[in-house]
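Letters A, B, C, D and E name the chains as they come in the text, with residue numbers starting at 1 for each one.
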Amino acid sequence: MRYEAPETLDAAVGLLAGESGQARVLAGGTDVLVQIHTDRADPDLIVDIKKITELRDIADEDGAWRFGAAVTGKEMMDNAAFNAAWPGVMDGVRLIGSVQVRGRATVGGNLCNASPAADSVPPMIAARAIATVIGPDGRREVPVEDIVTGPGKTSLGKGEFVVSFQLPKRPPNSGDAYLRFTPRTEMDIAVVGCAVNLTLDDAGTCTDARVALGAVAARALVVDDAAKALIGTKVDDAAMEALAAAASAACSPIDDKRGTIEYRTEVAGVLAQRAAAIALERAKS
Amino acid sequence: MAESIPGYIGQSVPRREDRHLLLGEGAFVADMQLPGMLHVAIARSQFPHATIKGIDLAAARAAEGVELAISGADIHGVLPPISGMQVTTPQGWRDRVDTDILIPDQPLIPHDKMRFVGEPYALVVAESRYLAEDAVELIEADFDPLPPVAGPDAALADGAALLHDVLGRNIAAILHTTKGDGAKALDTAPHRLKRRFNHHRYAAMPMECRGVVADYDARRDILTVWSSSQVVHWVRREVANALDMPEERVICIAPDVGGGFGVKGHCYPEDILVAYLAKRLGRPVKWIEDRHEHLLNAAHSRDIAFDFEIGFDDDGRILVVDTDFVVDSGAYSPVGAGIAGNSVAHMLGPYDIPNYECTCTVALTNRVPNAPYRGAGRPEAVFAMERAVDLVANALGLDPAEVRLRNMIPPEAMPYEVGLTYRDGVPMVYDSGDYPKALRAALEELGGLEAFRARQKQALAEGRYIGLGLGCYVEGTGVGPFEGASVKIDPSGKIMVATGACAQGQGHETVFAQMAADMWKVPIDDVYVTVGDTSQVTQGYGTIASRSTVTASGAIKGASDRIQEKVFAIGAELLEAAENDLELRDGGIGVRGVPELHRTYREIAKAAKPGWDHQRPEGTEAGLEAVSYYEPPTVTWAYASGAAIVEIDPETGRVTIERLVEVHDAGVLVNPAMADGQVKGGLVQGLGGGLFEELAYDDFGQLTTGSLMDYLLPTASDVPPITVLHQEVPSPLNAFGVKGLGEGGAIAPPVVIANAVCDALRPFGAELNSTPVRWGDVAAFFGDDPFEISEPSPA
Amino acid sequence: MAKQHVTTTVNGDAVELLCDPTQTLLDVLRDELDMKGTKEGCGTGDCGACSVVLDDVLVCSCLVLGVEANGKSVETIEGMAEGEDLHPLQRKFIDHIALQCGICTPGLLIASKALLEENPDPTESEIRYWLAGNLCRCTGYHKIIEAVQDAAAEMRGN
Amino acid sequence: MKPAPFVHVAPGSLAEVVALLAEHAPDARPLAGGQSLVPVMNFRLSRPSVLIDLNRVPELAYIRDDGTHLTVGAMTRQRTLENSDLVRKAAPLLHAATLNIGHLPIRSRGTIGGSLSNADPAAEDPAVVLALDCVMVLHGPSGERRVAAADFFEGVLATATGPDELLVAIEVPKAPANSGSAFVEIARRHGDFALAGVAAQVTLSGDGPVSVQLAACGVGPGPVRLSGAEAEILDHGLSEAAIRAAARIAAAEVDPDTDLHATAAYRRRLTAAMTRRALLQAVENAKAPS
Amino acid sequence: MTDFRPVTLTVNGRPHTGSAESRTLLADFLRDGLGLTGTHVGCEHGVCGACTVMVDGEAVRSCLMFAVQADGAEIGTIEGLAKGGEMHPLQKLFSEHHALQCGFCTPGMLMTAMDLVHSNPDRTPQEFRDGMSAALCRCTGYEGIVNAVIEYAAMVKAEAADG
C-alpha cells in the first residue's frame, strides 16, 4: 500500500485518477482504517486529503456557511458560531463515535462511508446542504441526499471526492434538531435517526420545513409528507400526529437485532415529533 | 514387558544431547537474541600493576549508539567486591591443617589500581558490540604504573610492592601439613634426592569463551542471568548478594555450554556486572567474552614450583617426601586455596609413604588469577612426585616401573588410611582399587616392560631414541559439600528430574536419565532431565571437581526414595496388597510374581493428586515430588596409571608419541562410551599442557600469548593413538559404586611425557624437571651439531 | 514495499524512524519504538485502550497511520509521570483502586488527562460521556469516575 | 574483537584499483584473501580507513604458461595452486610449499600475492620466490615495475611495494629438466608457521649439481637466501658430507630471533636439519623418473 | 560512521537479503543478521575453525571474511546439512563415533569435513587427520571425529563407485 498526502486539490485528483489499482481517500480514517484492519478494504493507494487547506476550513460567507469535507468533528464542535447557526447539524456531529473518534472523524467521511445510520447525514439533508465534488472532470455541486445511493454506495465517480459543504443562509426564526435512538447513550449506531429543520413566521406559523430520517432505509430519506404536515401549522398536536404518521409511513427499514420493522417504524414517528419540538423551541428562541 | 526395560546403568546408550548440537540447533549464550538487547565491551588494563589517576568517559559516552559507560569509580560503594572468602573451608580441615588464609576481595571493576593485564577498568554498553568496542577506544585512562610483581619470587622478596595493601603481604595462603616425622626420616634416610620441579601456567581454554546475558523483568522483579557457567547456583548467589535481591528472584541458567573444564567453575565480575546493567538499564544486556579477553582475563591455572626432597632406601622404598611449594595465584584467588589444598593432599599418590612434610605458599602476583582447571593442583603434584620416583629409580639403577610397584599400596590394604586430611575436613581414606594391577595393565598394553626394554636397546643401536614413561596418581572425586536434585512424577507418569549439576558436554542429561530410569524401572525416554537452571532446584552446587555423577546421582536417589515411599503406600492401596509384596517394574508398581496386578506411574500419580477424588491411603500426603540434598560422607578415590612410548628425532629434538595408554578406575561406569570420551579428552588436554600450551609472561608482566596463534591447542594431527582401559572397582561410599572421572585424564600426561623423554635420553642422563617439554631443550642433549651426536655425558 | 521516513515527537523526544505505510501509529509505538504502554484492545476504535494525544487531540492510535504522525507530536502513557513522580491522575487511580487488570488503564489515563485539560471541573456525567470511548471490564467505572473527579479537584488546587 | 570502521570498495578492474590506491594511499589497504589482514583488523592492530577488495578483479587471478616461466596472478588462491597440474609440473617447489600453508579453509581464500605482500618472515611463499629468483610484477600510477624477488623483501612485513602500488603477478621460472625440488619445514603443529623451513631446487647433470637454489623461512626478518650453502654444494657436490657441511653453513648464515616457540640457537639447528632434508629430498626428486 | 548496505546471498539454497556495514564479519552477519546461530564464533582470528562455512562450495573461515564480500555468493552452513529433519550421514557418524561432547566446535568440524571429503575422498587417513587439524576441539581428543570423517569418506567413495 502506498501513502500520499498531497497539499493541493489538483495533486489529489491527479493521484486518484492516476492509480490503476484500488485507491481510497483518507479523511479522518475512522472507517477506512477499520475496513483495512478487518480486511474489508485493501487499497493500493491511500490519498490523505487532510493537508489540503480548502478541505480544512470552516467559513461564514455572510450567513451561508461552508466547511471542508475533512474538518473533524472536534473542530466543528469547537466552532461556537457554527454551533449557534446549525445546532441540529451539530446534534448529529456530536453523536459520531467517541471523543477519540470525533478527534479524527469528518462529516465528509461520515457521508461518503455511506452508512444508512450515519448520524450527521439526516441533519445535513434537513439543512439542504450542498456538497461540492471534485474529480477528473472538474467540480460539480450535488445535494447531500444525492451523494449516497445505498449502503456503502455513493454517486461519486472514479477519482471523485467531496471537497466541502455549503449550508444556505437561514431566515430568522429557524431551528433544526437531530435525535437518534440507540440502546447505549454513546458509541452506538442509530436504530432510527430523525432530523427536522423548520422556519416560522413572526406569528409562529411554520412557513418551511424539511424532515430527514436515518437508519430506516437503504439510505437517509427526505420525507416531504412529513414536512407538509408541519408547513402552515403552528406545529400543534394535530400537526405532530400527522408528522409522526408521515414519518412512520416513509420507513422501509430492515429487520435486525437492533430493532424489528414494526419497532423502527413506530420509533421513527416518535423521534420525528420530539425532534420537531426541539427545532420549534430553537426557532422561537 | 519386564524385559522390555533393560537396566541402563553400564550401557553405552546414545547421548540425547547430540541431535540438536549436530543440527546447529545448540543454544549457547552467544546465540541469544532478545528484543532491545544492548551489548557490552570492556576496557582492560594494559598495565600489570598501576594506580588509576583518572578515567575520562566523556568521549565514549558521546559516541554513536552508546547507552552507558562506567568505570570502577561509578560502582565503587554501589556493588560490593567478590568476597575473597566466598569459598569456605570446613573446620575439620582447618583443625588438621595449619592454615593462614587471607584471600583478597576482587572488585568487579577496581576504582583505585590495576592488578593484572586484562583487568577491567571501565565498560561501555551500546547498541552493538561493534559500536561498544568503538567507544571503548575513546576512553581516556590515566594510569601511574607501579613496579610489576612479575612472579612468585618477586612477590615473596623483601620489600616487594604489595598488590593488596590490606593484606600487608603478597600471600593469599600458607598451608602446612605433616605425616609421621619428616625431618627425622630425612636425617636417617639411606638416600636423599633434592630437586626443583616446575609445572608451568596453562589453562582450560574451552572452545566457547565465557558469556553472560541478563534480562530484568521489572514487572515480576525477576532477574534472569544466562551465563556460560559450571556453577549456576554460585553465580545466582553472588548476583543476588551484590544486587541485594532474594536469591529466588534471580534465575541463573547455563544453556548449552561449550566446554568448561574448570575455568567456568566460579563467579566472575562480568556475571554480576551484566546482571547489574540489565537491571539498571531495564533492557537485556549481553557480554560475550572474545578470545583475546579469554586469554587475558579468564582464569589461568597450574603454575606451581616445588622444592622437593625425597628420602629412600636401597630397595627404592620411599621413606619420606618433604616439599615446600609455591603457587602463583595471580592477582586474586577466586577459589581460595583449593588448588594448593589439592596439591598437598594428592602428593603421596598411590604410594605407601610413612613420612610427609609439606608447606605451601599461595603467592599473589600481577598475573591473571589462578583457578582450578581439570586436575586442579593434582597434575602439578603428580608431576613432582612422579618425576621424583623416576629419579629414585635412576639413582638405584632400578626400573621406574619396579620402584612404583614396590611402593604402591596393595589392594589388600584397602581401605587405606592416608594419614592426611582432605579439604572436606575428613581424614583421607582411599576407599577401593588395585593400583599395582592398573600399572601392570598399562605396561602389558604397551607390549610388556621387558619387551620394550629390548626394543629400546635395539633402537639405540640403530641410533634411534625411544623411551617409556609412566605416571600414576590417585584423585579424590565426588567432593561435597552437597548437590541438590528435584524429582517429580508428572501426571503423565513421566519422571521429571532436575539437579544443580551443570553440563558442559559431559552428557549429564543422558547419564542422569540412565540412573533415574533404573531407579524407577522406566524406559529411559520417560525420564526428563533439566540441568543448569536455578529455577528448577532451590539449592545446588554445580559441576566442578569430578563430582557430578557421584553427587547428583545421590541427590536424585534421595528424592526418588522419598517419593517411592508414597508410591508403595498408594500402590498397596490400589492393588490391595501389602507394601512388601510390591516391586517397581514396567514403568509402575506391581505385586511380585503377579504380572496382571500392576499400576502405572500415571495411575499412581492420578491416585496421589490433591482433591476429593484422590485414592491415597489415610495419612499419605498428596503429590509425588521431592527435593533432596546429597551430602557425600567424603570423596571417593579414582586413580590411574598412564604410560607412553615416545621417539625423539635427534636432529630436531621433536618428540613423537608412539602410543599413549591410561588404565583408569572410576568405579562403576554408568555410560562406558561417554566415560571413555571424558578420559580421552582429558588425556589430550594433558598432552597439550605437556608439549604445546603455555601462558607466558615477559619480565614486564605482559602476557605474550594473547591469541590462539601463540597459545597452541593440540590439533587432530598432534594426537597419538590412545588406549584407555577401565578398571571398575566399585566405590563402597555410594549406592551406585561410582567415582568421578571428569578431571582424571588431564593429570598424568605431562609427567608421562617428561618421564618418557628422559627415558629415551637415558644415555645422556637427561633430566626434564619442568613443563612444557620443549623440543629445543630435548635437542640440546644431543650436543650443538644436529648431525654429530656428542658422547653421552656420564649420568 | 517502500518504507517512509517519519519524523515525529513522542513525549517531547524527537524520533526518526522508517515506517511501513500500513503500520498504525499504535504498531509504530509498540513495535518500532518498543513503547508497550499503549495497549491494543480492538483495533477498530471502539475500546480506547490505544488512546494517545496527537497534536493536542485525543485519538485512537489504532485509527491513525504511523506515517500520519510525521511532523506531529504524540503523547503516550510513558510520558505521563515525571520520573518517579506520578501524575495526579495516576496517584488517584491507585488511591481509588480505579484499576484491576490494568490493560485499559493507560487509555483511560490519557483520555482523562485530555478531559481535564479541556475541562478542569467536569461534572460526573461530563466525565462519563467523555470516557465513553474507553471500555473497562473490571471496575464498572465507578472508581474511575471518582478518581478523575478527585484528581481534577487536586489539580484545581482544592 | 570487531574491526574498526572502514569503507569497503570492490572495484572490477586493475585500473580502478590503481586509481583507488592513488586516491586513498596511505590509509587504504588492498584486501586479497584476508587470511592475515583480517585477523589483525579484528584485533584492531590494523585499521585502514578504506579497504580495496581485489576479490572482484578477474584479471588478477590466473595461471599462465609463458614458455620459460609461469605467470601467476597475485589473486590466485593457494587452493588453486594446490590443485593445478600446470603448477605441479612446471613449478613443483611452489606446489610443495603451498601444501604447507595453513589449512584447507585458509588456502580456500589465501592468495599468493597476499602472502608475498604480507611478507611474514615465517611464511612459505616468500622463501619459494626467493629461491626460484622469481620476478615480482608491481603496478602503480606510473605503470608497471618489475622487481627481482631478492629486492622485493625489505624486512619484517615490509616489501618494495610502494603505498600506491600493487603486486599484480609473479613470474615463476619453470623447473629445468633434471631438476628436483623440495620444501621441508618444522612447525610446532601441523599448519602452523614454520619454526624453520627450507625451499630447495637442485638441477643435476649426471650426479653432479649444475644449479642449487636454497632459501629458508622462519629464521630471519624475511626469507633468507642460503647462498653460502648453495656455493658449498656447487663446490663439493652432493655427498652426505658436503650436504651436512652446506647445512651447517646454512645454519650460520640465517639470522633468527628467540621467541616463545624457539630460541635463536634452536632455529639455527633446525635450519641445518631442514636444509639437509630439503637437499636430500630434492636430489631424490631430481633423480626420480618424472 | 555507519555505511550499511544491502547484502544478498544464498544460504543453504535459500535467498537472503540483509544489510551490513563494510566491517560486519560474515560470521556475525549469518548469526545476528540472518539468525543462523548454528555457525559458532570461537576466536575471531581464523585459528579455531568453529566459524567454518562453505562459500561457493569451499570451506572458509567466516570470521575472516566480510559480509559485503559474500554478496552474490552461495553459502552453506550447518543448518543446511540435514534434510527434512533427517540427519546427514556425516552427522549420524559423528553421533555414533562420540565425535562431540559440548558440541561448540561441531558445526565447524562438520563443514571442514564436508569440504575435505568431497574435494577429495581418496585422501589417506593421515591426510584426513591433518586436514581435520584445521578445526580445534577441546573435549573429545579428536579420535571420534577423525574416525567419523574417515568412515564418511569411505561411504562417499563407495557411493561414487556404485555410480
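What we mean here is this: a residue touches a chain if its C-beta (ideal position, glycine included) is under 8 Å from a C-beta of that chain, and two chains touch if they have at least 3 such contacts.
These figures come from a predicted structure and were not determined experimentally.
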Practice prompt. Spell out the chains that contact chain A while also contacting chain C.
Written response: none
Worksheet, complete the sentence: More Cb-Cb contact pairs, comparing D-E against B-E, go to B-E
Practice prompt. Report the most central chain, judged by the distance from each chain's C-alpha mean to the global C-alpha mean.
Written response: E
Response to the item:
Relative to chain D, the most remote chain by C-alpha centroid is chain A
Worksheet item: For chain E, which other chain has the most distant CA centre?
Response: A
Worksheet item: Using the average of all C-alpha atoms in each chain as its centre, how far is it in Å between chain B and chain C?
Response: 57
Worksheet item: Distance-wise, how many Å sit between the C-alpha centres of chain B and chain E, to the nearest whole number?
Response: 30
Item to complete: Report the inter-chain centroid distance for chain B and chain D in whole angstrom, where each centroid is the mean of the CA atoms.
Response: 44
Discussion item. With centres defined as the mean C-alpha position, give me the chain A-chain B separation in Å.
Written reply: 82
Fill in: Touching two or more other chains - residues of chain A
none
Fill in: Residue list for chain B, restricted to those that touch at least two other chains
130, 290-291, 707, 709, 715, 717-718
Discussion item. Where in chain D do residues touch two or more of the other chains?
Written reply: 1-2, 4-5, 39, 43, 189-191
Worksheet entry | Touch relationships between chains, expressed as pairs | A-C, B-D, B-E, D-E
Item to complete: Spell out the part of chain D that touches chain B in their complex, as residue ranges.
Response: 1-2, 4-5, 39, 43-44, 186, 188-192, 244, 247-248, 260-263, 265-266, 269-270, 272-273, 276
Fill in: In the complex, chain A residues that touch chain C
1-3, 5, 26, 28-30, 33-34, 36-38, 46, 48, 50, 72, 74, 97-101, 103-104, 185-187
Worksheet item: Where on chain B does chain E make contact in their complex?
Response: 14-15, 17-19, 21-26, 28, 30-31, 33, 64, 130, 204-209, 256-259, 261, 290-291, 504-507, 673-674, 676-678, 680-681, 683-685, 707-709, 713, 715-719, 722
Worksheet item: Which residues of chain E touch chain D in the complex?
Response: 1-3, 21-23, 25, 28, 44-46, 49, 52, 55, 58-61, 63-66, 68-69, 112, 115-116, 119, 130-131, 133-134
Discussion item. If we count contacts the way the header does, which residues on chain B are in touch with chain D in the complex?
Written reply: 129-130, 133-134, 137, 290-292, 651-654, 692, 694, 696, 704-705, 707, 709-710, 712, 714-715, 717-718, 775-776, 779-780, 784-787
